[in-house]
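Note that chain A is present in both complexes that follow, paired respectively with chain B and with chain C.
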Partner chain A sequence: MINVIREPLIFEISSPGKTAFKVPVLDVPEKKELLAGLPLRADIEGFPEVSETEITRHFTRLSQTNYCVDLGIYPLGSCTMKYNPKINEKVASLPGFTQAHPLAPEELVQGNLELMKTLEKLLLEITGMDAITLQPAAGAHGELTGMMLIRAYHQAQGNPRKYVLIPDSAHGTNPSSAHLCGYTVKEIKSNERGTVSVDDLAREMNEEVAALMLTNPNTLGVFESDICQIAELVHSKGGFLYMDGANLNALAGITRPGDLKVDVMHLNLHKTFSTPHGGGGPGSGPVAVKKILEPFLPVPVIEEIGGTYYLNYDRPQTIGRVRSFYGQFLVALKALAYILSLGPEGIKEMAETAVLNSNYIRKNLEGLYELKYDTPTLHECVFSDKYQREYGVTNLDISKRLLDYGLHPPTMSFPLIVHGALMIEPTETESRRDLDLFIEAMKAIAREAKENPDLLRTAPHITYVRRLDEVQAARNPILRWEK
Partner chain B sequence: MSYIPISQEDRQEMLALLGLNSVEELFSSIPEENRLRNLLNLPSAKSEPELLSYFEDRSKKNTFDQYVSFLGGGAYDHFIPAVVDYLSSRGEFVSPYTPYQPEVSQGTLQVIFEYQTLICQLTGLEIANASLYDGATGAAEAVLMANRVKDKKRILVASTVNPQYRQVIYTYGKNLGLEIVELPYNQSGQVEIRGLQAALNEGTAVLLCQSPNYFGVIEDIKALAEIVHERGAMLTVAISEPLSLGLLEAPGKLGADIVTGEGQSFGLPLSYGGPYLGFMACKKEFVRQLPGRIVGQTVDAEGRRGFVLTLSTREQHIRREKATSNICTNEGHCALRATIYLETLGRKGLRKMAWLNAQKAAYACEQLTSIPGVRARFGGPVFNEFVLEFPRSWEEINRKLKDRGILGGLGLKEFPGLDQCALITVTEKHSREKIDLYVRALQEVLR
Partner chain C sequence: MYPENFYYSQDHEWLKVEGEEAVLGITDFAQKQLGDIIYVDLPVVGKTVEAHQTLTTVESVKSVSDVYSPVAGEVIEVNQQLIQTPELINRDPHGEGWILKLRLKDKSELNNLMRAADYEKYLEGLEH
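And now, the complex of A and B:
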């Protein structure tokens, strides 16, 4: 590897008079007095002045300090960091799509509407649901939208209800989304298998509960096998079953949430359907529902009459808009390209291989790392640092040491029911060689934890920067460059 | 084109290691009766060439490119320098996730730190977050933030704010018991001061206005700030055309407490509405209530500068239901594009680009209003959008302009009394020739 050059902030390499862009000459008569009398700015103080070479080197050098899926395994549990097919990027960059104004007359964007409608239909087939909106911009936005649909339904019956039940293994966005929709969250304890206990749920379920939010498979990678019973219980009190579809990669082509009596769910196109994570977005979080919730979907809804597509805003019971325009259109195109390139066999093979790869890692690391729940898992497995803590080594140290091996660590921040969690989701796009690299590194680290725990506590050693002081960052926040 | 690098042989060996005979056994935790017996009813797999032609065919069904467009209203057609596409396409920027492991994500983190700095410089405020979904959700988040800061439920929203932004504010606000009041506008197309004064009371958390507003008119932010601050409320300015900040005084310098908006103008293609980029900046004192991720500077074990995600105790993964927002995945890659765009145009370029927009819009407005029966509807100053009033209904004129290859603007019939009006947007991409084409077409239509 080329030794990476330390790159300053752009503001620190700026010098007066440089520019990377020649602004076109004005081709209409200039009015010098235009906007006179308004508070105008003489200058954008602090804004950089650099040449195009410097811009290119700046971002190229910065890029080389990033780990990414194109480089190797990125086994962040619940994030489904699979390979991003390159044809999808090409498809989404066709000028016929990128240059379309969102308020162009519908008859001039029939191609766009047809593609969105097609994606909707395919996602409904995959999930077994009845209706869908592509508007939500990310998974958490989808959760919020789903909660809003539920609330609108209950409101229409005269009582929006008070509570949303959420298992303690849930991702943090679940309680946050429910709260943002005006609900009080009640936590449901997981049982010894790491799943929802039907008896506990029965105790908490009543007619003030609007919904249960369930991730399936859950964040331990365990399938909630009582899901149909759970749904019936929730339904018996007039509540809805919301499914967080973050882990759909384990189920697509194997089973369908709609057939499991789920009423509403979101999908993460940037997880299951391979669209790139972009260093933290854009994502896309379509929400699929059963018939009963369809009238409440955000506007507009895409409809078709005799091969002509249009946007329907005339939906009296709609919750309204949750975002401008129609969602993350280019992301939707990439997801559609992915589904069309896989086909029905490919989708099934995707889920099967994701589960196979995860179990392969689990089997190889069992015994070296603690498995708090030994329940069978699907697409991800959650170990803990219990054995390593004996030597004063935590999941953070293990993760940082993995960086020295040139690999990305697993998720550590949840599930909260596993202390010191190492949540591993390899996805189906890892080769045996890459899986083995990860396994061998984890084995070596387990050895190092015993023999030389300091090596882990001071890791990483060979990265672009060493371990960063997060406490200082929060205590004395420096959130922008200043001269 | 195959994305699964596990061969049949690998599969058999891996199953053997697991002590299984078939892949089906991996799914034994899913009750038999819940498992699909057949393949999904999806189109059969396409090869790469087939896939490309499929999408090319659909893109050709889009025929908007045969028209000269003057559409804006929240989405703007600006030139994108080649370096933006080139650099942002690097796999090291496209294929990582949120920088949870800062030691191997310094590229992403430093870019966001630079982005936060640029947003602060543009808005004249002290801190900015790492991005939100878009301008509309940014406006909604700003309203919720003001509600938390002030612990008051009355929210004043100018009716000159982009209608989609107002709809999203309403969708978010109605479940939280917020009282959302829309304020009238005056003949200048600005917030009517008397209406504002009448609506302000002790329970008011915030006034949210847009500048330039949906009519393209620049609001008197200083005056609005003084009025709302006197009553103990906050001022939030939403911006849908942030290129205006190259020319107009930073709202933070004029008294705005929160500035939020849509960053699409900064290097993001129109893309039929998304992905776009919500930005948000505020005064330092409100940092604990700011939604979304924030990057901060720190040092590593050897004392070298580095960047990390920080102040995460505001966020859902720590605070769960008590978080300032439920946002997790944001618009990181869009923020990267905006950063490259802004640094490429730079200090002088952004200003010149903004000036070009304002001049061309002024020219277009002058030429169009020289046609008998056509007049500027509002008296207030504008940047690159303006509202014209026509002698007949816009619907009819629009249709006839379209027959002549012009998408002449956005109708405003959702505003009472403005059905003979349209919002017209002009950017640096409109040559004089294109503007003159519009003028001639309108002359014919009105003849």
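And now, the complex of A and C:
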């Protein structure tokens, strides 16, 4: 990073009268009366006035303080921040896609509809499900859509039911989605392996439970190996098994949620299928279902008759629209490009490499950082700061120190069942060399925690800004510039 | 550390019983786990809960956590101070950082809770 001098705010660069453009002098009479009565703003108080060079350099300098997947590893567990292949962007920026009008008649966009249908078929093959909608705008929106489908089904049977069961290791969005659908959430405890306690589930499962929402592999990176028994238990009381597919990159090409008796799931195209997210977005959260839930899917549904594609809105039991137009079309294209460029063998290799990379890190760091659950893990592993707390060093200090090594820290303090958690997910896109850089930094930090804990407690030292006051920022955020 | 006259739950809430009413807060252990608390979503007075149902949520720099009611009851008062100064929970979890007052539905439910010595033993178990 090249930042020695703090970049001023754009307001601080501003001085009155500076502009980045010059309008030619009017060569016709001015007719101000044409604008009479219109609510026009004369000026905006405090609006920055800068020249073109100043504005260009200001934002370029700011962009250089940023960290991104093109610069290095982004090991945010549970977020799956993987590299976004450039071929995806190239494909999605072809004018036939970017210039297509969302209201164009179907006969003029047959190619685009065909590609959406192709992606649907490929995702169904990967998940082993029966039907799918590409509409939801991201993962949590997918969860909400999935829960709406479940509610619609139960409602059609005469009783929407009351409860949704969610393990204590779930993504925080799961309870919110269930709650928004009018369900009361009941928590299922994890057992000593860090997986769902089947006994606890059996106690809570009854005919008032609409569904179990399960993340598999779960947020510890552990495969829920009792999933078939869990599915049977949920189905025996007429409930549905919802699978949060956020961690699908550990399973794709190896096993299929549909074969594990999952009834409804969402996929994160912006994670598993390599499209950008976290500021580079937008996301995309298709929802795949078994036949039993198909009638309730959102409209429109893409259908094909004799090689001609059309959008079907005539679906009497549909939950309606969940998104304007047809979802994130360009994101869907990028995911399609990724799947086709990998091919069936490549998809499998993606999952295998994601698991291998995570275990390579785990193996190299175990002993230096505590593993609360020593159950074998797949695509991510969760350490804690327990050994470092002895020296008064927390997961926050470790994360801040990683910034000094030029690396993005892992996810912190999640999942909640691990105190002081450091949740690491390298994904398949990291090379051995990049993994080693991360491992060496973590090893050095473990040494520093022992020998010079203050170095960690005051980190970061060489970044653009030093440690921020997170408590003040949360309690009294200053969101507007004032003179 | 943990007041003798309080009752404690496995989810780290404490109850200080006064007749048919009880003051509720979260324990010192809980506030340490959560870290700096930045917001408390206080419930409305009059809300009724069964044992183990969610009373309110507490947000810290690390996470958002539910506060469960260890027993059944009705919320009769909330600690308005927490709106402006949620850090009271960090500063004085067993005193000024109280969250709300409950009217108890069934005092015999208190028998299901731990006393200070048992709670301290329970915490030791969690450390390992």
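The definition used in the following text is that the second predicted complex is superposed on the first by the 423 of 483 C-alpha atoms of A that agree within 3 Å, B and C clash if a C-alpha of one lies under 4 Å from a C-alpha of the other, contacts with A are read in each partner's own complex, and residues count from 1 in each chain.
In the analysis below, a contact is a pair of C-beta atoms (placed from the backbone, for glycine too) under 8 Å apart; a residue touches a chain by one contact, two chains touch by 3 or more.
Predicted, not measured: the structure shown is a model, and the values here were computed from it.
Using the contact criterion defined above for the overlaid structures, shared-chain residue A:I478 touches chain B, although it does not reach chain C. Looking at the shared chain after the overlay, A:E352 reaches chain B, while chain C stays out of its contact range.
After overlaying the two complexes on the shared chain, residue contacts for A:G172 are found with chain B and with chain C alike. By the touch criterion stated above, A:A449 is placed in contact with neither chain B nor chain C. Legend: residue contacts after superposition of the two complexes on their common chain; A:H419 is shown touching chain C, with no touch to chain B. In the superposition on chain A, contact of A:L241 is made with neither chain B nor chain C.
Put chain B and chain C next to each other and count what each touches on chain A; the higher total goes to B. The contact surfaces that chain B and chain C form on chain A in the two complexes overlap at residues 172, 413-414, 470, 474. Residues 172, 412-414, 416, 419, 470-471, 474-475 of chain A are the ones that touch chain C when the two sit in their complex.
Taken in their complex, chain C has these residues touching chain A: 33, 35-36, 38-39, 61-65, 86-87.
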